[in-house]
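So, here come the structures, one by one.
Both complexes shown next keep subunit A, but they swap its partner, so subunit B is in the first and subunit C is in the second.
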Partner chain A sequence: MKTLGRTILPYLIAIAASFAAAGIFIAAMGFDVGRAYQTILLTSFRTPNGFIQTLLKFIPLTLQALAFTVPLTAGKFNIGGEGQMIVGGIAAAAVGITFSDLPPVILLPLVILAGVIAGAFWGLVPAWLLYRFGLNEILTTVLLNFVSFALIDLVATGPWRDTTAGHPTTIPIGQGGWLPMLVSNPPLHSGIILAVLVAAGIYVYTSRTTGGYELVATGANPRAAEVFGINVKRMFVFSLVLAGALAGLAGSIEVAGVHRRLIEGMQSNFLVLGLIIGLIARGNNLAVPFVAFFIAVLEVGASAMQRTLMIPVEMVFIVEALVLLFVLLSDVVRRR
Partner chain B sequence: METLVTFLRLVLLSMVPFVLASQGTMLGGRTGIFNVAQEGIMLLGASLGFLVSYQVGNNFVGMLAAMAAGALFGLLLAYFTTTLKMNQFVIGLSLFFIGVGLSTLLPKLVIGITLSPPLIPTLPEVSIPVLSQIPLLGPILFRQNGLVYFSIFLSLVLWYFLYRTQRGLELRAVGENPMAADSLGINTVRARYWTAIAGGALIGLAGAYLPMVYTGTFTEAMTRGRGWLAIALTFFGGWSPLTILTGSLFFAGVEVLAFRAQVIGLAVPYQYLLMVPYLATILIMILTFRKARVPAFLGQNYDREKRNL
Partner chain C sequence: MEKQPILELKNIRKTFDKLVALDDVSFSLLPGEIHGLLGGNGAGKTTLMNILYGLYRKDQGEIFLNSEKIEINGPRDALKRGIGMVHQHFLQIANYTVLENIVLGTGITNRYTMQMQPEARKVEELCQRFGLPVELNAVISTLPIGTRQKVEILKALYRGVKILILDEPTTNLTPQEVDALFESLRVMVNDGLSIVFITHKLREVLSVCDRITVLREGRNITTLDRKDASEEVFVRAMVGEQMNIEKSVYFARDTKTFGEVDYTAEPLLRLTQVNLISKEGVARLKDVSLEIFHGEILGIAGVAGNGQQELAEVTAGIIPPTSGKIEQNGRDVTGVPVGERLRSGLSYIPEDRLHDGFLPKASVAHNLILGVHRQPPYSDGRFINWKTVYQNSREQIREYNIKTGGPEDPGGNLSGGNIQRVMIARAFSMNADLLVAHNPTRGLDIPSMDFVYQKLLQRKAKKQATLLISEDLDELMLLSDRIAVIYRGEILGILPREQFDKYAIGRLMSGIRSTEPATP
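Coming up: the complex of A and B.
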C-alpha cells in the first residue's frame, strides 16, 4: 500500500500542478478556465456517448503507447508506431476487402491477424537493420513512418478507392470482418476487450515470465545481461517486432471496429500521444493503460471544449506537456 | 543545360535546412549531447518564425524568434541531461512532443482558425555583384537567398573552429572523453551547455527557412521528416562540418529529384516518389553507418563524481 501511494502520489501532484499552471496561461489568453476545465474533465463522464468516445480513443492510445514502452523495456526506442499502425490497417483492409464473402468466424480473425502480422513486419525491418547493420532504431522506425504515409495514400486512391468519398478512402471491408458490437448505441466495438487483454498480457509477460525478465534485464544493463547469457541483440529484435505487432493490432482494430474501411489519416495523432503516454508512465507497462485512459479523457474533453466554448483543442496540449514535465522532474526529486 | 542549372540551383536552395539542422546536431553531439528533438524544434521554428514575421512584418525578426525558441529548447535539453543527468533520448523525445504541440497551438492563438492562411513575403534573392554574371556558376552559386550563403559560410567557420583552434580541440575532447577533458581543466558543463544552445538555435533557424522560402505560410507537419533526416545526415557526414555540407547536397538532390519527377509527371504513381527520400536515406545509412565516425561519448551524460564512466 505504501509503495502504491509512493507511485501514485507524484502523479497526482504533477497533474494538479499542471492544471494550475496551464490554468494561469489559459486565463491569460482570455478564456474561462473554470468552464474549460469542467468540459475537459467531465465530458467523458456526463453522457454515455462521451464515455464511449473516451473508450474508443483509449484502445489505439493504449496499444500505441505499449508499442513504445515494450521496446523501451529492452532499452530501445520505437518511434514507428504510426507507420506500423498504418501498415496494419492496410493489411486488415486488404484482407477484409479481398475475402469479403467469408463468414465472420473465418474473416474476422484473418483481418485482425493480417494487421498484427503486417505491423510486426514493419517493426521487423528496423529491427533487422539494427541487428545486421547496427542502424539507430530511432531513425529507421521514424523514417518508415513517412514511407507508410505514401503507402496508405497509394492504397486509398488505388483500385479499392471509394469514389463517392471526397477524402482518400477504400470501399468497406466484408461484414464478416466487422468486430462485434458490445453496445450498439452509442456504438462500442469489442476491440476494447482485445486491448485490455493485450495490455494485461504484456504486463504479465514482462513482470512474471522468464522471457519478460530477460527483456527487462537487457534494458537495465545490456552488458550484464550479455554476460549472463542473454542474447541481447535478439531481445532488441524481438521487442521491436512485438511493438510492431501491437501497433499493427491498433490498425486492424481501427479498420475492423471503427471505420470498417481504410481511411487516409486514420492514425490521427496517436503516435505523439502514444509517446507522451509512454513517457508519463515512465516506460512502466502496468501504468500505460491508466495513463492512456487519462489522456483519452483529456482529448475527448478538449474536442468538446473546442465545439462548445470555441477554445482551440490544442490548449489541452499544454496540460499534457506540463504533466510530462512535472513527472520527469519528480523523478529527479525522488533520486535526491 | 538550362534544366541542369535550374536543378543545381534548387539543390543549393533546398540544402539549407539540412545543413543548418545537421550542423546544429553536430555541434551538440561534439560535446556528447545527442539531440533527437530536431523535428519538433524545426516545426516550432517554422511556426514561430512565420508568426513573428507576419506580426512584425520583418522576416529577419522572425528568424531571430525561431532561433531564440530553438536556443531555449537547447538550454532545456542541456539542463535536463547535463545538470539533472536524465536520459537524453527521453528528454529529446519530450521536447519533440512539446515542439510539435506548440507549433500547431501558436497559430490558433495568434491568427485563429481561418480558411486561407495569411502569407509572408519569401526571402529575396541576393545577387553577388560580378560573380553572379559568370555563366552557369553564377546563377547556381551567386543568385540565392541570404541563408544559402550563410549556411555555407557557417559550415566553413565551424570546420575552422573545430579543427584549427585550441577551443575547438577542447570541445571535441569533451565529446570523446569528458573525464580526460575534465582532468585538463576544460569546463565540460559549460561546453555542453553552449553547444546545445547554439545547436538548438541553428535547428530553429532551419525550421524558419521552410515558410520563409518554400511556402510563405506555416502548415501542420510541414517539415515532413527533415528533422529526422538531418540526424541521418549528421551520421552520414561523420559529425564533421565539411562532410555534412557535401552530404547535404545529396539529401537535397534526392528531395529535388523526387519533387521534379512529380512535376514532370513520370509514369510511376507519385506516392512511390514520395517514399524515395526516406528509403534513400535508409540505404545510405546501411552503406555508410559502419564507417561513420561518431563522438565516443555521444548520448551519454558525464558525472564527474562517478569513478568510472
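Coming up: the complex of A and C.
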C-alpha cells in the first residue's frame, strides 16, 4: 500500500502542477478557470452520453498506447501505430464490404481478424527490416505511416467510394460485420470488452509468462539477455508484430463498431495521444489503461469546453503535454 | 629522530549519495618511503587517492603538503604540486608513440616542427636512472601491458613528481614484471621520491613496502611499520573480527590441495582443436585443445586480452567456433546455442558483469533467474512461477549476502560488488555440471571472495567441473588442479598442481615457451 502511494503521488503532483500551469494561460486569455476545469473534468461523469463518449475514446487510446509500450518493454520504439491502425481499418472494411452477405457469426470475426492480421503485417515490415538489415525501427515505422495515408486515400476514393458523402469514405460494411451494441442509446459497442480483455491479456503476458520475462530481459539489457540464451532478435520482431496487431485491432474496432465504414482521417490523433499515455505510464503495461482513461476524460472534456465556453480545444493538449513533462520531471527530481 | 611527513591527509570524509565511502580517514606519507595502502575491494583505497589527486572532491578533512595546508582542485593542480598517479586503467593514446604519450600536455621546445630531441634525451635519462627500459619510438598499441605501465610511470616522472601513487599496479603483470616493478620502485625512493602503493594483495605490500596502512569499509584500521608487524596482524585488520581465518580458503597456504581428481575417467568437457576467427579475419583462438575432468578446477592464466573472453564464450556456446569440436559428457555440443546449453548442465559467470550479465532495468528476482527462467521450478515452460522465484530469490539474497531491499527491488540500485554477488548466486544456484567462471571475484571484498572460493571447492566434492579464467594468478594457484596458460589465443602449456611455479607461469604468460619442466 505504501509503495502504491509512493508510485501514485508523483502523478498526482504532476497533474496538479500541470493544471495550475495551464490555468495561468486560461486566465490570461480571459476565461473562467474554475468553470473550464469543471467542464474538462466532469463532462465525462455528468451525463450517460459523456461517459460513453469517454469509453469510445478509451478503446483506441488504450490499444494505441499498448502498441507503443509492448515493443518498449523489449527496448524498441514503435511510432507506427497510426499506420498499423489505418491498414487494420482498411482490411476490416475490405472484408466487410466484399463479404457483406455473410451472417454475423462468420463475418464479424473475419472483419476483426482481418484488421488484426493487416496491422500485424504492417508491424512485420519494419520488424523484418530490423532483423535482416538492422534498420532503425523508429524510422521505418514512422515512414510506413505515410504509406498508409496514401493507401487509405486510394481505397476511400476508389471503387468502394460512397459518392453521397462529401468526405473520402467507403460504402458501409455488411450488417453482419457490425459489433453488437451493449447500450443502444447513446450507442456503446462491445469493442470495449475486447479492449479491456486485450489490455488484461497483455499485462498477464508481460508480467507472468516466460515469453514476457524474455521480453522484459531483452528490454533491460539485450546483450546480457543474448548471453543467457534469449533470442533477442526474435523478441524484437515478435514485439513489433504484436504491436501492429494491437493497433490493427484498434482500426477494425473503429470500422466495425463506430463508423461501420472506412473514413479517411478516422485515426484522429490517437497515435500521439498513445505515445503520451505510454510515456506517462512509463511503459508500464498495467498502468496504461488507467492513464488512457484519464486522457480520454480530458479529451471529451476538451470538446465540451470548446462548445460551451469557447475555449480552444488545444488548451487540453497543453494540459496533456504538461502532465507528461511534469511526470518526466518527477523522475529527475527523485534521482537527485 | 622522527621524520616530518611530506604529505598528510587528515580526517577525510567522502560520501556518494547515502554510501559513506570514507569516514574520518587519516593518512601520512614520509619522504623516501613506499607506503602500502592495503584493503579489500570497496575499502576506499582508490577513493582516498582520487581525492588526493583531485579527481574527487572531499566532503570534509584537510590535506597538508610539507606541513602547509593545500586544496587540490584537479589532476593538473596535483601535478603542479608534484603529486602523480598511475591508474589501474591507463590513460594513453594508443596510436601515438611512447615519447608522444609522455610529453603530451607539457611544453615542447619546438612545438611547430614536433622535433623532440631534448625531450627524448630527458626521458631516456629517466629510463636509465630508474631502470625502466622502454623503446621511445614504439607505438603504444603494439606494447604489452607491463611496458605500457612503465610509460605511465615515466609520464609522472617526466612531470617531476615527488609523490607517486600507484593504483593496483600489479594487476595484469606477470610475476617477472612485478619483480622488475618493485626494483624500480626501490630505485625511485632511494632517489628521493615517496610512493603510495595501493593493493589488495597482502604478500605484495609485505615484500615491498616500508609502512602499511590498512583500510576497511571506509575507515583506517591501522598504520604499522613493516618490520613491526606480523602477517596475521594485517590479515585481521583487513577482514575484521567476524571472519574465520583458520577455515578460510583465501588465506590458506597454496601448498594445500583440495581433493584428488580422477584423470583416468572420461573428461566432462573436451575441446578439440578449437579455432575462432573474428569477423575482421583475426585468429582469436588457435587450435585450443583442453580437457576438464569431473571434480576438477582448470585454471586459465594469461594477461588480459589474450583470448580469455573468446575461450569463455566459445566454451559456453555464446559464439560458435570457426572450427573444432566441443564435447560435454561425451555429447557433441559444438554449435549448440547457449540457451540449450544452459538447460543441459552449464552455468556462466561473465567477466563484464554490467554488459554481459546484468539487467539494470529489471528486478533483482528477474536477474537471479536469467538463463534458468525456462526451467523448473521457476517456470513450467509457459508461465513463470513468481512465488517460487521470490522465495528462492530471498534465500539467495540471504545466502550470498546481497545488499538489496528485496527481490522486487530494481537491479539498477545495486552496487558493483552486489551485482557480482548476483552473478555468483545465479551461477552457483544452477548447480550445473560445468561452470565457466571468468574473473568471478572481481569487485568482491575478502570475506566474499573467500565465500566464492568455498563454493568453488564444494563443486569439486560434487564431481562438477569448473573452467576458472582469472587475471589473479594467486587465485588460480590457490584453487586450480591444473593451470593452462593462454597467450594470443594459444594454449602455451598446461601445468599440474605439483608443478605450479609463478615464474614458470609468468614466462608462458609473456609468450616464452619452455620445453623443459619448470624448476623452482
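Here is the rule we go by: the second predicted complex is superposed on the first by the 336 of 336 C-alpha atoms of A that agree within 3 Å, B and C clash if a C-alpha of one lies under 4 Å from a C-alpha of the other, contacts with A are read in each partner's own complex, and residues count from 1 in each chain.
Just so we're on the same page, a residue touches a chain if its C-beta (ideal position, glycine included) is under 8 Å from a C-beta of that chain, and two chains touch if they have at least 3 such contacts.
Fair warning: this is a prediction, and the values are worked out from it, not measured in the lab.
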Inset, instruction - Superpose on subunit A as described above, then tell me if subunit B and subunit C fit or clash. - result: fit
Inset, instruction - Look at A:His167 in the shared chain and tell me whether it touches subunit B only, subunit C only, both, or neither; answer first, second, both or neither. - result: neither
Inset, instruction - Take the Cα centre of subunit A as the vertex and report the angle out to the centres of subunit B and subunit C, nearest 10 degrees. - result: 70
Legend entry - First, second, both or neither for A:Val216, with subunit B first and subunit C second: second
Inset, instruction - Mind telling me which of the two, subunit B or subunit C, contacts the most residues of subunit A? - result: B
Inset, instruction - State whether A:Ile230 touches subunit B only (first), subunit C only (second), both chains, or neither. - result: second
Inset, instruction - May I ask you to decide whether A:Val272 touches subunit B, subunit C, both, or neither, giving the answer as first, second, both or neither? - result: first
Legend entry - First (subunit B), second (subunit C), both or neither touched by A:Arg208: second
Inset, instruction - Go through the superposed model and pick first if A:Val142 touches only subunit B, second if only subunit C, both, or neither. - result: first
Legend entry - Lowest C-alpha to C-alpha distance for subunit C against subunit B (Å): 8
Inset, instruction - Enumerate the residues of subunit A that count as touching subunit B in its complex and touching subunit C in the other. - result: none
Legend entry - Interface residues, subunit C side, partner subunit A - complex: 318, 337-343, 348, 350, 355-362, 366, 369-371, 373-374, 379, 381-384, 386, 411
Legend entry - Contact set on subunit A toward subunit C in their complex: 208-214, 216-217, 219-221, 223-231
Inset, instruction - Could you please specify the touching residues of subunit A with respect to subunit B in the complex? - result: 29, 77, 79, 129, 133-136, 138-140, 142-147, 149-151, 153-154, 157, 272, 275-276, 279, 312, 314-315, 317-318, 320-321, 324-325, 328, 331-332
Legend entry - subunit A partner contacts - residues on subunit B that touch it in the complex: 36, 39, 80, 84, 86, 89-91, 93-94, 96-98, 100-102, 104-105, 108-109, 113, 224-225, 228-229, 231-232, 235, 269, 271-272, 274-275, 277-279, 281-282, 285-286, 289-290
